[in-house]
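In structure tokens below, several structures.
Each of the next two complexes has chain A plus one other chain: chain B in the first, chain C in the second.
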Partner chain A sequence: MASKFPPAKESRSIGRSFVLTIPIAIWSALMFTAYAHANRSQWIASLITVVFEVVLFFMMVRTRSTYRWRRWFFVALGLLFPVGFIHEVISMRGTMGIPIEEMIAGRTPFCFIPIPLLILPAALTKMLVFPGSILPNGGMSGGGMAAMAGIWLAVTIVVGKGWCSYACFFGGIEEGVASVPPRARVRKIDPRWRYGPWAVFLAMVLLSLALFEPAYCMWLCPFKAVSEYVAARNTVGVVQNGIFVVLFAGLVIALPLLTKKRTQCAFFCPFGAFQSIFNKTSVFDVRIDKSRCTPCVLCQKSCPTLSLTEESIASGKTLMSCMKCGACVDACPRDAAVWHIRGTEVSAKPERARLMFLYAAWAMAIMFGGGIIAEGLATMLHIFV
Partner chain B sequence: MKLSANFGYLGAGLTLLAAALAPFSLYGLFTKGFSSLGLRVSETYSGGPLVRTIQSAGYTIGIHQRVSPNMLQREKAFVQLDWKPASALPAHVSDRVDIDGDGKPDVNVRFDVPKDPKASLSVNVESLDPLYEDMRNVGKEKFSALIVRVDNAILVRVPLAQ
Partner chain C sequence: MLNSFNMASAFALAEALALGLMSGPACVASCGPVVVPTLLAERSGLRLHGLYLSTFLATRLCGYLLFAVLAWEFGNLGNLATLPTSARSLVFGPIHLLLAGALLRYAYSVGRTCDRSCKSAELVTIGAAGNHRIPGAAALGFLTGVSLCPPFVAAGVRAAEAASMVAAVLFFAAFFLGTSIWFVPFAALGWVRRNEAVITVARMAMVLIALYYFYAGLTILMRKNTYGF
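On to the complex of A and B.
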């Protein structure tokens, strides 16, 4: 039966892979001019980053495999973001804690996670419940909330929920941790945990409106433990920081080690839930070709966010929480899990759909994450070399 | 090829075009669009708009509009007063401030100005009008009752009695 199908993931020729990589090499070089500055360590770090990005794309094209190569980029992004960021905040303030003075001055760096929490208060009062700056010259990197909102919208239009696999500078940490153990110790996970991000999202949106503060950033963000936190001015601050550390240890370290899943993304992240909505607007998705599927459920087992169920496999679709990481496509021995362009037949040229998606997603990953990787590398070069 | 497939490939092509334009025009366009929405940072953080300035000996005292809490916000209503430039302030500041502009002082604010800009500050506020709360050796525990140095200004937030 298996011989009826071509061997999975037959390699593309080196020459053809090289030609297909040229657009990304040009794109990387263009972005390189944006983040290579005068400093020698930044220049070397940028060059390493460009080579890294281009080689990974070449390997994705040559091996027809997405997940394992994308993972290198994503884990590097997750690990190097805190290096560059923490170094920057400590150089500027001497601490990872945000002093109240910086909040009042509107100099709190703004990440993408609070974006959905700001919408309701902004719609009702025209006020942004975040102690940052709207215009450039706010934040630490010269970009305020408007800049982050602009980047988020541009990337979201292109990759939808793919943000969580190609742009999120936090997800790489747990993806890296989840890849450490050879096999999962906890295999049975109650599927109802999948609703966790929606519950957190709803609670945080309502709390942000009621308390008029970015409730998730103030109380629940596990990544405060590796970026910056509210300076503990009083008992409440100590409690907040304790919650950040416990959630980071549990959701980003312990549970990914036990389950080999991205547990923070799959069960907790409110931004991920919000971003799922944009899977409905994205032209690219992952489908199951029912004519090829046995079903062996290897795709379901490989999915880091539980975005495949037996029912969804039977219907030939992933759930809306799918972040297009490509794990299921790589795991399928019969090429039944495929990249797909909406409107086309599922079996029609899945490799063409994969390449079109990858050009778009990798361009966004390089644009947004490339600079972060280069900055983290430059910091390491600056400190250790 | 079916019409829906044509639309699918058209969408994919447009997505690639959007990706190519993202760093050069789309990102800037969206950033400008966001900036032009007329949104403001919550006044709990920003302190509200400046409404009046009082000239003192070598420095000014800026008086901001009263900031009221929204919904279930944990902070009290407050008024922010700015002393600036901090470099021109005497070692000890004691000012009677007319916040509402009715010609009568509303609060008496006293604080020391250490030479080290990173040194912690504390403020005493004596309320001369029942609308304002007293403050005794207050640092920076709450957004609605604090003294902080921000750049070359010292900001004092006086909470309003409920």
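On to the complex of A and C.
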């Protein structure tokens, strides 16, 4: 992972950076009206969040570097999501566990990860296997599945798998953990593990259809350990929660510490595999300018999801699993790894391509993650303010 | 008398066929976790996939008929859903465990087959070395055939009303025919180009699904609920 950055690129002027940041500042201010409520700690948290978002974007524009600034936002999102979420769940139910009554009533909070698991059962039976409502106010999130799936689809068509590096409120935890050790202890990783997300995706789609349940949520989601677990009322429930905790400890804590990679995202997450498909619809991608590439493979080493191989570098492209985090672009000392808009020359104004992508990705990040960060901060501030 | 018998038999078979056609999607959903990854692990080609599906469906029919005969003999065909828990556990727990074992063996054998004859148009075989190896599709077809799935119970309840064991077996055969039509589209997976990625994904998925069947088998044997709520 790109913890050691190459010499800084030539900075953009403060005035020009300021002007380029204005659209994001306006967007953040608009979102602020959604975050801020009557509560004083929420108001303060929202203000801090908006300043945080705008300053980070300003720094991305000014320094022409993406990864290191994005990481602050993403890690904050990952760490503050459980804080706000668990607080809300306990306030409403008195426990982190989901009881069966809540499921039957369709009041289960909906997250984006089961979206691919719902498609086949819905197509064949016109029924949803997730115990939530498609209507507004159907879940604790208040938006209902239809709203969440609709907004996700709209933004993901534009940014592709960029979702996983800018809006996923789980990925930030492992990215934060991966950034802790100074260097990786495990460097050799069998490249076949990259197929893991597709295997989990295939198995979970088929099992969801066969068992008529969101199989991943029921059995394999590591993030149940830090969001809401199964309200265990017998041995099997304990087994389910045990699986969640072991997967979380292994994939989100231990392996990122050892490898400095986002191991859950790279080797396990079925949503990530599904999201890879949308890299084909996105107009933005990361390319390797072969005329500048030595190749020193610094980009390959810096990639947190093993989305670059020697073959892919030689062909000038990243693999389908690229999350557009910008680590490779920042790591390249010769500016050979570049942001790119499909249909244009690889070397044609990569900085403009980066900015256009960042406007879309950062607007999405603010819309999905801003409220979560503000809520988590407000929960913590509530103790002191 | 003969005419009325033939009419009744024809109606019963037509009903079984219709029941199979209507409940086919449920059968496909039920067998999907076994069929899809194992088909993806085979070599590409429509002919090979046709061979796989023929083998799978033929042994699945054997499983159906065996189950029908045994259930009729023990007088429980109409009570499949209400079998005593102990009996159900003893029958279906081991079947799930065997299914898990067969899938794991299949995932292991795919690598072996590819090492030896990647271009051959033979099905992946499992089992002991030498002449004792059988096509994996045959083992999986039989094991899914004797598994209890909702359409199977529906057919069992109706077949229990048949006048004789032969009539019940014929009812199951017609039901099987109806459900089998829904498996034909799986042959289209033969067009998917095979490479290391597809084969590895299929093998990994088989292992995950096997783990689920293993868990389900154990919980059935221990007579626990599958869910922890």
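By our rule, the second predicted complex is superposed on the first by the 375 of 385 C-alpha atoms of A that agree within 3 Å, B and C clash if a C-alpha of one lies under 4 Å from a C-alpha of the other, contacts with A are read in each partner's own complex, and residues count from 1 in each chain.
Going forward, a residue touches a chain if its C-beta (ideal position, glycine included) is under 8 Å from a C-beta of that chain, and two chains touch if they have at least 3 such contacts.
Quick caveat, the model's predicted, so the values are computed rather than measured.
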| item | value |
| --- | --- |
| Chain B versus chain C as contact partner of A:C332, first or second or both or neither | neither |
| A:L298 touches, of chain B and chain C: first, second, both or neither? | neither |
| Contacts of A:L358 with chain B and chain C, given as first, second, both or neither | neither |
| Touching partner for A:N234 - first (chain B), second (chain C), both, neither | both |
| First, second, both or neither for A:L209, with chain B first and chain C second | both |
| Touching partner for A:V177 - first (chain B), second (chain C), both, neither | neither |
| Partner chain in contact with A:A199 - chain B first, chain C second, else both or neither | second |
| Which of chain B and chain C A:I100 touches, first, second, both or neither | both |
| Per-residue contact with chain A, leading partner among chain C and chain B | B |
| Shared chain A contacts, counted only where both chain B and chain C touch the same residue | 99-100, 103, 121, 125, 209-210, 212, 233-234 |
| Chain C to chain A touching residues, read off their complex | 25, 29-33, 36-37, 40, 196-197, 200-205, 207-209, 212, 215, 219, 224-229 |
| Contacting residues of chain A [partner chain C, same complex] | 99-100, 103, 121, 124-125, 192, 195-196, 198-200, 202-204, 206-207, 209-210, 212, 215, 218-219, 230-241 |
| Contact footprint of chain A on chain B as seen in their complex | 2, 4-9, 11-12, 14-16, 18-20, 22-23, 26-35, 37-47, 69-74, 139-141, 143, 146, 148-151, 155 |
| Partner chain B, residues of chain A touching it in the complex | 31, 34, 99-101, 103-106, 121-122, 125-135, 145-147, 149-151, 153-155, 157-158, 209-213, 233-234, 282-284, 341-345, 348, 353, 356-357, 359-360, 363-364, 367 |
